[in-house]
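Pasting the structures in now, so scroll down.
Both complexes below contain subunit A, partnered by subunit B and then by subunit C.
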Partner chain A sequence: MTSLTELILFLVVLSDFAVLGTSRLSSCIRAVALQGLLLGLLPLVIDESLTRHAVGLALGTVAVKAIVLPAFLRWAIREAAVRREVEPLIGYTASIALGIAALAVAFAVANVLPMRGGEAELLIPTALVTVMIGLTVLITRAKALLQVVGYLMLENGIYLFGLTQARRVPFLVEAGVLLDVFVGVFIMGIVVFHINREFDSISAARLTELHE
Partner chain B sequence: MTAARLLWQLAALGVLLVAAPLILGIARKTRAILTGRRGPRVWQLYADLRKLSLKGAVYSITTTEVFRLTPLVVLATTLLASTLLPLNGQRALLSFAGDFAAFAGLLALGRFFMVLGALDTGSSFEGMGASRDVTFASLVEPGLFVTFVALSVAGGALSLSGMLGAELWLRWGAVAPTMVLLAGSIFVLMLAECARVPVDDPATHLELTMVHEVMLLDTSGPDLALVLYAHAVKLSLFAAIIVDILVPRSTLPPWSAIALLGAGIIGVGILVGVVESTMARLRLSKVPLFIASGSALGLFGLILLLR
Partner chain C sequence: MIPLALVVIPALSAGLAYWLRSGRARSRVLITCGVVHLLLVAAIWIEGDHAVAASGWLAADALGRIVLTLVSILFLAVAHYSVGYHAEQRARGGRRGRAFESCILAFLAAASLVTLSHHLALLWIGMEATTLAIAPLVFDRRDRRSLEAVWKYLVLSSVGIAFALLGIFLLATAQPTGAEGGRPLVFGDMIQHARQLDPAWLRAAFVFVAIGFGTKMGLAPMHAWKPDTYGEAPGHVAGLMAGALTSCAFLGLARVTAIAFAAGQGAFVRPVLIGLGLTSLVIAAAFIVGQGDVRRMLAYSSVEHMGILVLGLGLGGAGAYGAVLHTLNNGLAKGLMFLTAANIVLAMGTSVASEIRGLLRILPASGALLVIGLFAVTGSPPFGLFISEFTILRAAFTEQHPWIAASTILLLVVIFVGIAGMILELAYGKPVPSHAARGGGGSTERASLVVAPALLAAMVLLLGVYIPAPLADALARAAAVLGGHAP
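Moving on to the complex of A and B:
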């Protein structure tokens, strides 16, 4: 089971990099949906005894992160009619380099942290790197929609961190977090839609201009 | 014992050298089948090489000795590089600490002469191709070194024989997922280094869009045969590295190790064909990102191994 967990965590990191390296919004959304699916599988794989807690967590995560939110984001890009991130603040190659630096930092930090992921040793570095790459996307992309994707990755990282304590965290807390994210992304999507309506663009930089 | 081992090493090298044109034939055939054509026979390149070697060479009057030397140097460096790889899954013919740098250096020397030969013709197309080829190579090489360093950490040795041969077998179980990453990295770098789609399209007929082929415009006859053959050997060398990484075979009997090498090389050839038929060639400005992603895989592997 450990190697399966490792494989899933590898794929999570690779999907982080896929978001960093692609300009096409639909590919980014697909990558983040895949990440959601992988995160949904994780509680089942880590917790070998299929408790109701783990199954519920997995089902909820897959439903929200792999199906509902990506579908909603796809709706948003269709409404806003954007296909590509044209001018990121940091180029894609540089983003990948930043991602690698984040990876190195994550592993270095995870080594000195007092807590351990138990059987899944890679869990904490993966969580850290997903948070950092999510933040990078959030900061460096100009399109508001990709910023939502970055926010989602940030949340995925926090969720991964939570999995280290999966047995101790009550189900309700997890459900609450999922609901929060859901509502957050929903609101952001509607905001993106309205930004697009008002400004004919979803570049966040335009928001500095005041409109009546 | 040592005589027998030497014999098996030579046999593995012989299989690689004989089968090298086949990998290009298989890649072409796969591409043809997947795109709904019949395509040339898989051994077409052997026939091409024979035909070319029977022809005479034509030299432009602007070229000098450098141009005539180029095919020989390209082939010699590639052959020498092939003696550094542990093809039978155990040890290479030549092996010393740090020989991965020699491996990369030999390939770079071949490329350097290739570029010199191209510039020697004075053709502006060839100069352009040379400039692109060198640009890509300068991006591939750091990635290659990163992956080799990761492999040397995994195998605990500084020679290719150590990192890909017998020692790797002992640790392979513990680092298997990382090895898949490193193989992926080598595959991406191979596509760039050996001028395949999505970095370069070997089937293009427009000089403006060629990268590697354009440097061979003035090469003809036996010279062209030598360069084409060296190119095929280079591709199968990278394929052999991938096979070495994914299928450590030091405990297998020598003949089955060699058979696995052949099967693996054919597999990589099919994979190259699949990539060529499913991906479009990347825009020139996108190539650095592609190569950087390949190197990132290698760096990811290195970080995982160093943790």
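Moving on to the complex of A and C:
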């Protein structure tokens, strides 16, 4: 069981780097959808027994993070006729380098933290690195749509961290968190759509009218 | 059962309002729901601590009850005001979307959930829901500036609140498994078993929660969204945000702080809170002096008062009592100021200070309320904010922090000069004829646009001269939870 968990976590880290390294918007969305699918599988493999709680969480996660939200983001690209390139503020090589640095920091921090035992060894560093790479995408990408992708990755990282507590946090709470993320991305998507219509490009870098 | 009703009734009303086609029917739903909510809150005060629902996840302790009451009063004031505001807009041929009532009712449901949650993850869900419910209302004018404001608000708040969620998960990690730790993330149990919490995880949790809920409160340096959002949102929506939403975020931070105090982490937590408080005061003072826009000035005033809240919390002792009282006072005063500012924008068509003069002659009632509000928000006697600020400042002396008290007083004086300089000029200057004409003459003020801010002004004044016994009792008990005491 543990080797399967670690394989999935390894793939999650790979999908983080895929978002950092690709130049096409649609590939980024595909990578984040794959990440959502992997996240959905995790509760099933971490728990030895298949509880109703784990199955419900897995189904909800896959439905929201792997199917509905990526489909919605693809809709936004198509409807808003967004140009297909990522247009990063820093180069792809620099992005990857930042990602590797984040990976090193994540492992260093995870080594220091006292664990209560029982959790998969790679879960905490994977969670941390996903949070950090999500933040990197949010900050270094000018396109509003990619900032939404970054936010989604940030939430994915926090979800991974939440999995260490999954057995103790009731299902209602997880459902509520998923619903909030869902509505949040939905509203962001609609705003992205309006930004594109107003500014003829969904680049958040053009949002500069308000300042002191 | 009352706590559950306080969340469910507004949520159902939100759905109902979206389904109704007639604007008048939606307004009726809005007002009815506000009145029912306030009556239920009154019932909670009578029932006291027995008001518990959902096996202890929802309860109305003294701290939550005070914030809940503030939310309910402000909501009714804003709801009443919005009916007159929309009537005025309709009279000028403006259009408006259907979503206003639904969004604002959804906000009431979410804010009630925050104040009543004793499960911290549930509190987070409510907090995130308040952000999302209010976001469409910021985008009211549907132009570039409001688009930019709503995007900044959404991204910064969402990232901030994601950090708060991480902090709450860290808090769960700090709790030992099994019976000795209590139920996971249930506030009462965590306080009771606080000594069993792992200190390293607890500190990490506090830092993330302080960043997360601090962003929602608009504490400096996480306040970047605030002036843009309050400057672009309609005045009454901004009033609800500055009065109710930020107070809910403070409640979230206060709950986690209470747990950290109970676990004996005061030495780690207090400097963080005091530092955030002083930074906010400095930033507010720097940007209020010379500010050219009324609503942006009010946004920085909100940064200032959020700073005072965490300062009181961090100082402890009577400061905790002052902070809870200040939450109430600041919320009411912000409602008063933003509703008055909305009247000004409605009449003059702008909130740029240099284009507005002689308000006392053009809009006598709103102009007078603006001057009253000036003395209320700057904490002058006899208003409630004077009492709460004075309590916090005295706590700084009694807790052996004379330098903090001295620098706070200095900053408050600077802020007073900045706000008074702008507002007195608006009220007493010579009217600019062209701008008075732009808003349709402005000779008549609708009574429905003045009632709500006037009542809020009366309440701030009342709290300055008399605190009812049940409120005083609740304040003392809330202060005790936050590791302080009544002065």
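The rule is short, and it goes like this: the second predicted complex is superposed on the first by the 203 of 212 C-alpha atoms of A that agree within 3 Å, B and C clash if a C-alpha of one lies under 4 Å from a C-alpha of the other, contacts with A are read in each partner's own complex, and residues count from 1 in each chain.
In the analysis below, a contact is a pair of C-beta atoms (placed from the backbone, for glycine too) under 8 Å apart; a residue touches a chain by one contact, two chains touch by 3 or more.
In this text, all values refer to a predicted model and were calculated from it rather than measured experimentally.
In the superposition on chain A, A:133 makes contact with neither subunit B nor subunit C.
When both complexes are overlaid on chain A, the residue A:102 reaches neither subunit B nor subunit C. Once the two structures are superposed, subunit B and subunit C can be ranked by residues of subunit A touched, with C on top.
Look at A:153: by the touch rule set out above, it reaches neither subunit B nor subunit C. Touch criterion not met for A:32: it reaches neither subunit B nor subunit C.
Of the two partner chains, subunit C is the only one that A:194 touches; subunit B does not reach it. On the side of subunit A, the complex with subunit C involves touching residues 113-114, 116, 131, 135, 138, 144, 147, 151, 154-155, 158, 161-162, 164-165, 168-169, 172-173, 176-177, 179-180, 183-184, 187-188, 191, 194-195, 198-199, 204, 207-210, 212.
Subunit C meets subunit A in the complex at residues 119, 121-122, 124-125, 128-129, 131-132, 135-136, 139, 142-145, 147-152, 154-155, 158-159, 162, 165-166, 169-170, 172-173, 176-177, 184-185, 198, 200-201, 227-228, 231-232, 287.
Every residue of subunit A that touches subunit B in the complex is listed here, in rising order: 3, 6-7, 10, 13, 17, 21, 92-93, 96-97, 99-100, 103-104, 107, 110-111, 125. Touching subunit A in their complex are the following residues of subunit B: 176-177, 181, 288-289, 292-293, 296, 299-300, 303-304, 306-307.
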